[in-house]
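Chains: A, B, C and D, in written order; residue numbering restarts at 1 for each.
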Amino acid sequence: MMILKMKKEDLPAFLDSVKEWGELWGPVKKGEKVTYAKVDALSQMDLKATRTIIPPKKFLYPQRFTMFDFDQDGYVERKGDVPKRILFGIHPCDIHGILIMDKLFLENYKDPYYAERREKTLILGHSCIPDDKCMCIATNTDFIAEGFDLFFTDLKMFYLVWVGSTKGHDLVRMRPDLFSRDLDKNDILNYTEYRKWKTAQFKSNVDFTGMPDVFELGYNSPVWDQLGDKCLSCGQCTMVCPTCNCYNQVDEVELGSLEGTRDRFWDSCMFREYSLVAGGHNFRDKRADRLRLWYTHKLQAYIGEFGKPACVGCGRCVATCPVDINVVTVSTALKEQEVGK
Amino acid sequence: MKELNVEALARVEGDGGITVTLDGKKVKSVTLDVHEGPRLIEQLVKGMKPEDDLTVVPRICAICTLSHRYAALRGLEKALGITPPEKAQLTRELMMLGENVESNSLHTFLLALPDFLGYPSAIAMLNDYADDVKRALRLKKFGNHVMTVTSGRIVHGENPIIGGFGKYPSKKALEEIKLKSHELVPDAVRDVELFASLEYPTYPEAETLFMSVNAPKNQYGYYGDSILISNGKEVSAEDYKKLTSERVVSHSFAKRSLYQDKPFTVGANARLINMGKRLDGQAKDLLKEHYSERWLKNPLFNNLAQAIEMLWSLEHMPDMCDMIAGMDDPPIEQPTRTTGSGTGAVEAPRGTLYHHYELKNGLIEVADIITPTAQNLDDIEKHMKLTAERMLADGKKDDEVRLGLEMVARAYDPCISCATHLVTLKRI
Amino acid sequence: MKKMCVVLDDREVQDNPFQPDMWRIVRKYPLTGDVNFFQARPVDVDEALKFNFVPGQFIMMSVMGEGEAPFCVSSSPSRPGLLEFCIRKMGTMTESLFALKENQTLGIRGPYGNGFPIEKMEGKDIMIVGGGMGVAPLRSLLLYILDNRDKFGNVTYLHGARTPGDMLFREEFLQLKERDDLRCLLTVDKDDTGMWKDKIGVVTTLFKDLGPIDAKNTVAAVCGPPIMYKFVMDYVVKLGIPKHQILMTLERRMKCGVGKCGHCAIEYLYTCIDGPVFSWWDVIHMKELIGRGANDKTIA
Amino acid sequence: MTKQSPKIGVYGFTGCAGDQLMILNCEDQLVDIFGATEVRSFVMAKSDNHEGELDVAFVEGSISTDEQLRRVKEIRERSKVLIAIGTCACHGGPQAMKLGEGKFDEMYKKVYGNAKITLAKAFEAQPVDAFVKVDMYIPGCPIDKTEFLTAVAKLVAGRHPYLYKFPVCTECKWRENECILYNGKFCAGPLTKAGCGAICPSHNIPCVGCWGPTDDLNVSAEYDLLKEKGYKPEEIIQKIKKFGGAKVAQIVGELEKKKKEAKA
């Protein structure tokens, strides 16, 4: 890893030149919210925004995409339908989310679709200012040390730029004149100051310590039923969560032939069909059981397996669920054995 | 007594049938039955909020869904004391142009033309008239595209809402429409020529009256606050009941309208008869070239009228797009009152459509919807009866009479499901 | 037919675990009213002998245009070249599969899952208890053991079916009764035909005839419908076979077979990777199976 | 694979004919549809219609007269597969929104007075499956072109069509819309089956529920939420019943009963 320094006014020029590598994408206003969209220049982006509606996972495993084509003779790989992209402005929590996805999709049977997109997507991270829904401090994902190609920390007067990969280096080399390695004592002080300042910004005081125990103890708690009564099964939480990966697949054919495609699309464990098997038996027919699976996965099972939660504290479920079921309310309800209003 | 039955009237939207009852050589009666079941839409929307009504009433008819939506919007906005922002007004007009192109191309080519050329369907014409069918599909697809861009989707788009639009079309989409409409004008001209070259049999000819809106600013158009009658009279849309006294007949769930106890015609030829002088561009020239006194008597000319009107709609789109693209998105206009009434009159492709609403404390108390087909039904039966009599007198075979009758019915572009519209029964 | 795919600017060539190979149906015939036997070989014959698997593993089978579903291999890896399946018609994919004819093709990828721990079973006495569709994975195990007979101790095979007509591979098992190197006990719940010469009664009645067994040195494999587990497991445990030496398979909805799609998750386990073979000890410690949602059908 | 083009028929009953129109709206595929299948009967599109044995019958619209009832039974008898297309056929459509309230006769009288209509006897509209077995449902008001075409393509290939079973919200999130319901305004998304591509929320307007109910809907949760946000109970019920048809009418009925009991 290497840390460089860049003048803030040089960023537009830098982003302009990296477009040579691939499409430039960044956070763009959509109504009151933001979403990652293709842009021409930095000026179109909204860097102040906290979270996009759905996380950058949409670039690595799109909402719905074709895996391969098939015809009478067999299955044919799709080639060349994945563009090269540079994502600018990804926050630490989302990069942590990507790291969790990397584990799932790249280890133990590598998923070539994810791998290809991951390879063709450069992650240019950017520091952020937490709002009242951010809780990455509770999940230990408020800073990031890996998983990106470049990471820009905004220190008011200038950027500190972490180079996290050889591809990141390649980008820097496109405009070496914009970076400097002259880092001095002040930079260290500034950076330490920044970390302290960021930590002080958090307004949410959720605490996930002990959650695996609380989940274990609360396995049969009636709290799950109460939450199940409120849940709309709309699946929004799973769509917006950066660490939800479930998918479904379906074959489509051309009219009048047996040629077609196998498509993959986002699925959700909140749906009844999710655990339904032929013959009509459903392993998680009750909403309560489905909710429990989700939150157990985020805050208990994953910790048991990998020592950290599968929640990266992005706050999207908090900013999305119409009936207020999210990591905060669920963990509180379990702890206090009462569902808040 | 012998009955000649055209079981299901093919190629009209909805479900209808014609029964001709003969007494010896004489035609005793001709009835257009509507089998389509009753839906009681006007009763269902009672007690609803205007916004909810707006999602239900367009479902009366899929082909004129946007006309219904627009008529409802005009009626409801009047009742709520809203003047729509200019951009909304223009976008709605563009949407009506789109519906006009879509519906007229669907009707003239896919539904009516096969009769004239002696085919059972447009698909069957493919081998011999591939170019014409494809041209029609191209125009129809474009009409659909305009409807999609403005209203949100092809059929039953929810985008036009009270006080404006959920989302205005993007500049890029407008630019595309502008270019494409330009490109399609020659197609539309070819269509006019094709329909002008057809033989229109004289059997159905008879005098009648024609009604249409009087589009504002002395221009041609598809909405207005007063109604023109071909006898020279003009009546305010709010007085629509004077024009359309409704009644129920035993052989149909569709209601009928008469004007001063006489049947009348609405639709494209009525519009051209009443407002044709206001056309511009090539549409104007072509109307001049092909118009004749026979239009006033023969309903079959409605097909040609639709082709000319479609051309005008296309020719008009570029200007509309430019105007809309030049404006900023206005906020949604809010109601200034919760109690009031209003009548919206618009020209659906098949004729004048009225939506009348009375609101009390923000809820709908009375909804009255009068559809073009309901207005046309009596005239359809009148012209069909004449056709049957004359064709039989001419010694035509049953099959020929059957086709002749179907052609007359179809020329009116009847949308039977909208004719089964449901109005509180009022006899004047 | 090599399932190679080129990705990443043509720089890296790698296996795509989601792309099925084409196999040809060699034989297909009904075993019972709604269960068919399928035998298939790779279209590319060079691949035939390369397909290695362990009894208890499953493959993902594709019918073009319909989709994919998991099925256990019913044949033994000791008889390579062809794969055999016994498949029950349950829904959309299996219906389309049944509509295929001999000589037509289908897609297969795999094998997946852990399979039976064959190496750990070697040297042990083996007891196999099957019912209904549970025969699908068990037949693979049984045939494998018989083909490697000297590596295992005493072998007992218990099999129950509702009626003689419902008994999958009936003739094959009746023939096994002739062998002296295994004990094969068959029973049917009832028989209206009068043709059934063997035992009548539910599968647990067979336990009475078992005689003494060396429980601590026995590995049991039990597969069958949920109702069967409920009763059989009690008997097997009472025989003294340790719970971690009783093996079974779990069924869950699956879309990928390789731990990506999420559907088969049970707490932190993926049935497709950590299973489908689990020990009875594992299963009774799965909260999701015995917890709130528990009912007869949970274990399958 | 030997292929025989399936014999199909398209029929319309009480509704707006929008689903049949959507079939005609498949401009780019219309020729292919007519090529890949043998369209025996499609009254709205052609006049040489032959009734007889069918592989697939597409039925649009709800059933609201005795004559229609007779015809739909007759179509069912001669069709191997009967597919309900559009929300009217699947759930009853808007004309069935007051199903179970027992107000039909009164409303009918208001419209037609005492006039005798001899054509047929009318009753309150009901979905097709209230009278005959339906093998598959393609909902939508009107149906979505792509959803319909992919289903037809699969049927022609002898495969089973797959339609989304999850609610509109999922597609709404795929399209990255801000949630209307989260912001406290009515949206029928969570109760409504996906398939439209969440068109309405993507235009900043609430889903009105035109695809009809999902198989797994939680009406009472949405009801409670909206009440909390300040909506009047009657308005909520009216809004969710608009396209919900018989199924939602029943759920709402139970809900109202429960609320009444709770009050008492």
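Note that in this section a contact is a pair of C-beta atoms (placed from the backbone, for glycine too) under 8 Å apart; a residue touches a chain by one contact, two chains touch by 3 or more.
As the structure is a prediction and not an experimental result, all values here were calculated from the model.
Two chain pairs, C-D and A-C, are compared here, and A-C has more C-beta pairs in contact (counted per touch definition above). One simple way to say how far apart two chains are is to compare their mean CA positions; for subunit C and subunit D this gives 42 Å. Distance from the subunit A centre to the subunit C centre is 38 Å, each centre being the mean of its Cα atoms.
The geometric centre of subunit B is 65 Å away from that of subunit C, both derived from CA atoms.
Annotation: 51 Å between the Cα-based centres of subunit A and subunit B. The multi-chain contact residues of subunit B, meaning those touching 2 or more other chains, do not exist; every residue touches at most one other chain.
The set of subunit C residues that touch two or more partner chains comprises 65-67. Counting partner chains per residue, subunit D has residues 1, 154, 157, 159, 162, 204 touching two or more of them.
Chain pairs that touch one another, listed by label: A-C, A-D, B-D, C-D. Subunit A contributes residues 30-33, 35, 52-54, 63-64, 72, 229-236, 239-240, 250-258, 260, 266, 268, 271-273, 287, 319-323 to its touches with subunit D in the complex. On the subunit D side of its complex with subunit C, the touching residues are 1, 154, 157-160, 162. The residues of subunit D lying in touch with subunit A in their complex are 1, 29, 32-33, 35-36, 149-150, 152-154, 156-157, 159, 162, 165-167, 169-170, 172-174, 176-179, 181-182, 189-190, 204, 214-218, 220-222, 224-225. Partner subunit B is touched in their complex by these residues of subunit D: 12-22, 24-25, 27-28, 30-31, 34, 43-49, 62-65, 67-68, 93-95, 97-98, 104, 107-108, 110-113, 115-120, 122, 125, 141-142, 145, 196, 199-200, 202-205, 208, 210, 235, 238-239, 242.
Residue ranges on subunit C touching subunit D, taken from their complex, read 63, 65-67, 92, 95-96, 99, 104.
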